[in-house]
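Below are two complexes that have subunit A in common, paired first with subunit B and then with subunit C.
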Partner chain A sequence: MISYLDRYARGATVCHRWPASLKLLLAFAVTLTSVLLPHQAWPAQGVLACFVFAGHSLAGIPFDYLLRRLLAFAPLVMMMSLALPLSQGFAAGWEVMLSILCRSGVAFLAGLWLINVMPFDQLLFTLHRFGMPKLLVAMLAFMYRYVFVLWDEYDRMQTARSARDFGGGSAALRWRIRSQLIGMLLIRAMSRAERVHGAMCARGWDGTVRVFEIPPESVTRNGNHRTI
Partner chain B sequence: MLALGVGRLKSTILVVLPYRRRNETECRSHEVGHCQTASSHPIENRIGGQYSRFCFGLLCCHTPQCGVSNWDTVFPRKNWMHIPDGYLSVTVSAATGALAIGAVGLSLRQIQDRLADRVVPLTGMMSAMIFAGQMVNFPLPGVPVSGHLIGGVLAAAVLGPWAGCLAITSVLLVQWALFCDGGMLALGANVLNMAVCGAWGGFAVYTAMRRVVGTGLKGTVASAVVASWLSVMAAACLFCVEFGMSWSRADLSLGNIFALIVSYHAVIGLGEALITGAVISFVWSHRPDLLQGGDGAKTHVASEVGRFVTAGLATSIAIAAFLAPFASEHPDGLEAVAEQTGISQLATTPSALLLEDYEIPAISQMGWQRLSVSLAGIGGTAAVVLLAGSLGAVLRRPAISAADDD
Partner chain C sequence: MIEMSQLSFRYPGGRAALKDVNLKIEAGEVVGLVGPSGAGKSTLLLHLNGLLPLNLAADADSGVSIGGIPIRKDQLTAIRREVGLLFQDPDDQLFCPIVQDDVAFGPLNLNLPPGEVRQRVTDALAAVDLANYGLRQTAQLSVGERKRVCLAGVLACRPSVLALDEPFSNLDPRARRKLIAILQNFAGTQVIATHDLDLVLELCQRVIVLDDGRVRADGPTRAILSDRELMEQHGLEVPYRRASGRDG
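Moving on to the complex of A and B:
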């Protein structure tokens, strides 16, 4: 799973070297502008889209990755926005549909740019600097660390399950087996949380969250750094 | 930039092909013989096996920068989507964001006192578990899409409303930060709909109903089922309200769309209810202490007043949410109702006016709208029953409270 989460986020291009807060604010500003613009201002939306696209190519994010993400995104947005004129008997609702399409497209591209130039730890650090409570930051960092562990746990259970039942059985049985898989994952996760908590206490954890004040952007690519 | 595009044109066209097929192959990938013929290493098997086996592997395997291992990022294994940016107006985003920040802040404060040093490991692990659990596919017979866990009620049943709300908030944040699922501005709305409404409201329904039905296995499972169905419905209705407030125009009647969204989520909620119920009953049989208190109990609302307020508020939110989309079929439906009820005390035919407002759209529109109105009616009735139940339970509580609160 590690190989396909924030795959391009640890690059070394110009965009990756920008200060983290600048990147976050830039993406936020583009999103906000795009949502504020009415659909009549489509040239402005186009300029914004070109701007974001230039950002993508500066960051070295491959074009086909963008295209595939957009392909996955478009049907869901189209479904919802097409339903608008459809429900009006094609008499009205077109402009709302157009605004939704423009805005969500540009905003989605901007978000995609942000997640691909900003590793998760950098994002957490920036959010902390912008005033997110320490406790929530620590929770998120903890979650990010154990998502991979639990994912592998789930993967082992899934492999074991498919080795035993070959995906057969009635629909009800399959649903039950998968629910039990989630239940087992829950039980193991909670037991693991207890063990981890014990280990943390043994190392002097007292519930106070201490944040290491070194900005993560100072660490070069592929560094195995933890900020929190 | 253009050269980049042209250079990759070939691979781009080729990778479009398997898109339609993906969902079909996904269900088959665990069937007989898959494990033997696909690559032997389990992880490799998961990433590459199902594509390379169904003959378009040759087409999409060898793009230099986006190998097949990228597919699950490109198409996360979830068929629903959180609200992206652009759906809600800035005002609504700001308002929901403020509400969400308030709710998350309240949860943080509550939990800090109760759980102290266990907050981080317990809540972090729970959100990681929900995140992983959402990847489990529940095949739907005959349809190329599959169902998934959402997990608000599950998290709240184990950790209590405060930590549950924080866990789902973390899940939503990470899904935004890693998958770009859900928008940046709409994050507040997503947190409000799923984390706050799902965990707080779900937990309120869950505890209230458990107190009425009983805290045994059957009571717990039944409460979890009802709570998770209601939480999905309430989230859908909240979305309708937010969407309606963003796009209320004179020429646009959103009633049909709302009916569609609500009926669709009634089905999704059914899946969520089934999954949550099954998971809860499994956990009950193996680690009942996770559901019966222990760590969870310490995060629950402690005082009678707090308990009552949470239950009452959340349930009334659910009721309001059920009715609001249908009342707002006219741009100013809620105001109209308020006016009419105000006038009705003076006017000659009060009940006729009230009924008129609800019946005309239902009759003049298509059949499924009537269906969903009645569906909402059923849900609303259930919520009312639950509210009554919680009231009864609260009235009964002082006698028990000394015994089961430590």
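Moving on to the complex of A and C:
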């Protein structure tokens, strides 16, 4: 799971060598342009998409990696964008729906490129330098830290379930068990959140976010640091 | 010095976890806290750091004092400066994605200047033999390394008391030995809640047996741990090294 989100973030391509602020600005500019373009500007959206794909190629991110993540992302956006034609009895709204799909696709790929051309801690540091509030930076850091822990927990629960399901049961039963697992995961996540809060308080947390101001550019290729 | 006077605690809607606990632990003592699961060991440790009782009123006394400072809401900062708490599950304690950020968390909350924070991070990581791990991702560490980073995070606050909750659980023998060596080098007071009685024999001069929220025995390690009847009465066993006469 650890490499699922940003598997190529510590690469050595030309994109990885660019300054962090340039990468952040590029991704932001592409997303903003895509969002601000009028509905009818399909060729411009296509150009932006080509630009993003070129960025992925330059960064050495394989196509099947992108495709798998796009497939995971697409149903969610599809459901949201389908709401528009649905609200108009499927008589209109298709163009806007396609436009939403296109814009969100470009934005998603730009974001994916960004997290794969620099380590997440460097991204957070750069966002902080660009003025993102400390609280938001801390929340993103927590999310990045605990998504792996929760995923591992879900994996262990899945394994425990597999060890006792003997391959039987109907599809309905499997779905019921899966939803129970997710419910259990939520309860465990809440109790973990309480313990994490306790651990933070034990080291003097008073609700004020303080950031350790050491630029992560000092990371060497293997992830170790030269100096603190 | 740690003092507990008639400390009782009941979790909201739950059973009583601690009942009339009276304890005195002198500065520099290394004390093992043993007992069956659910005896109240972790609850007792949480009281040392002021994490329990919950919603403590500003002027209410919890019945615990550290170095003469009573644990009250208005004294929590001073108490947490003195007591470093190591949690059982390192994933509860390592909440930052990068090692150095996590180790720096405590010193930053102490409002130390950046140079001092940097120095403490360097010293703490060196103390746990992880000097080159500053920019590693916490999620990529082994359990043993995570435990040591947790300990570095605690040591970076330079506490006078270490309260350790099952510090040796899930560690392989090598990681266990490393952690023992680190604890042996710590000069302050230590309260170690553990099921690892061989280790208690090695590290602690004094043992407290806790069962069903009450202190059942308190005395020198060798005397307590070799009392077979007492140990079995409280769901424990005479440690292998004591039983086989290998503890010297």
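Things to note:
The working rule: the second predicted complex is superposed on the first by the 131 of 228 C-alpha atoms of A that agree within 3 Å, B and C clash if a C-alpha of one lies under 4 Å from a C-alpha of the other, contacts with A are read in each partner's own complex, and residues count from 1 in each chain.
In this text, contacts are C-beta pairs under 8 Å (C-beta built on N, C-alpha and C of every residue); 3 or more make two chains touch, one makes a residue touch a chain.
As the structure is a prediction and not an experimental result, all values here were calculated from the model.
Residue contacts after overlaying the shared chain place A:136 against subunit B, while subunit C stays out of touching range. By the touch criterion defined above, A:202 lies against subunit C but remains apart from subunit B after alignment on the C-alpha atoms of chain A. Once chain A of one complex is fitted onto chain A of the other, the partner contacts of A:36 are limited to subunit B, with no touch recorded for subunit C. Judged by the touch definition given at the top, the superposed model places A:17 against neither subunit B nor subunit C. Look at A:210: by the touch rule set out above, it reaches subunit C but stays clear of subunit B.
In the superposition on chain A, A:144 makes contact with both subunit B and subunit C.
In the superposition on chain A, contact of A:121 is made with subunit C only, not with subunit B. Contact with subunit B, but none with subunit C, is seen for A:187 once the two complexes are overlaid on the shared chain. Subunit A uses residues 120, 141-142, 144-146, 149, 192, 196, 200-201, 205-206 to touch subunit B in one structure and subunit C in the other.
Listing the residues of subunit B that touch subunit A in their complex gives 1, 4-5, 8, 11-12, 15-16, 19, 27-35, 42-43, 45-47, 63, 65-66, 69-75, 81, 84-87, 89-90, 93, 104-105, 108, 112, 116-129, 131-133, 135-141, 149, 154, 158, 166, 169-171, 173-174, 176-180, 183-185, 247, 249, 251-254, 256-257, 260, 274-275, 278-280, 282-283, 286-287, 290. Taken together, the subunit A residues at the contact with subunit C in this complex read 2, 120-121, 141-142, 144-146, 148-149, 192, 195-196, 198-206, 208, 210-214, 216, 218-219, 223-225, 228. Those residues of subunit C whose C-beta lies close enough to touch subunit A in the complex are 46, 49, 51, 77, 80-81, 83-85, 87, 89, 91-98, 100-101, 104-106, 108-110, 114, 117-118, 121-122, 125, 132-140, 153-154, 157. Against subunit B, in their complex, subunit A makes its touches with residues 1, 3-7, 27-28, 31-32, 34-36, 53-54, 57, 62-65, 67-69, 71-73, 76-77, 80, 83-84, 87-88, 92-93, 96, 99-108, 110-112, 114-115, 120, 123, 133, 135-136, 138-147, 149-151, 153-156, 158-159, 161-163, 166-168, 171, 174-176, 178-187, 189-190, 192-194, 196-197, 200-201, 205-207, 209.
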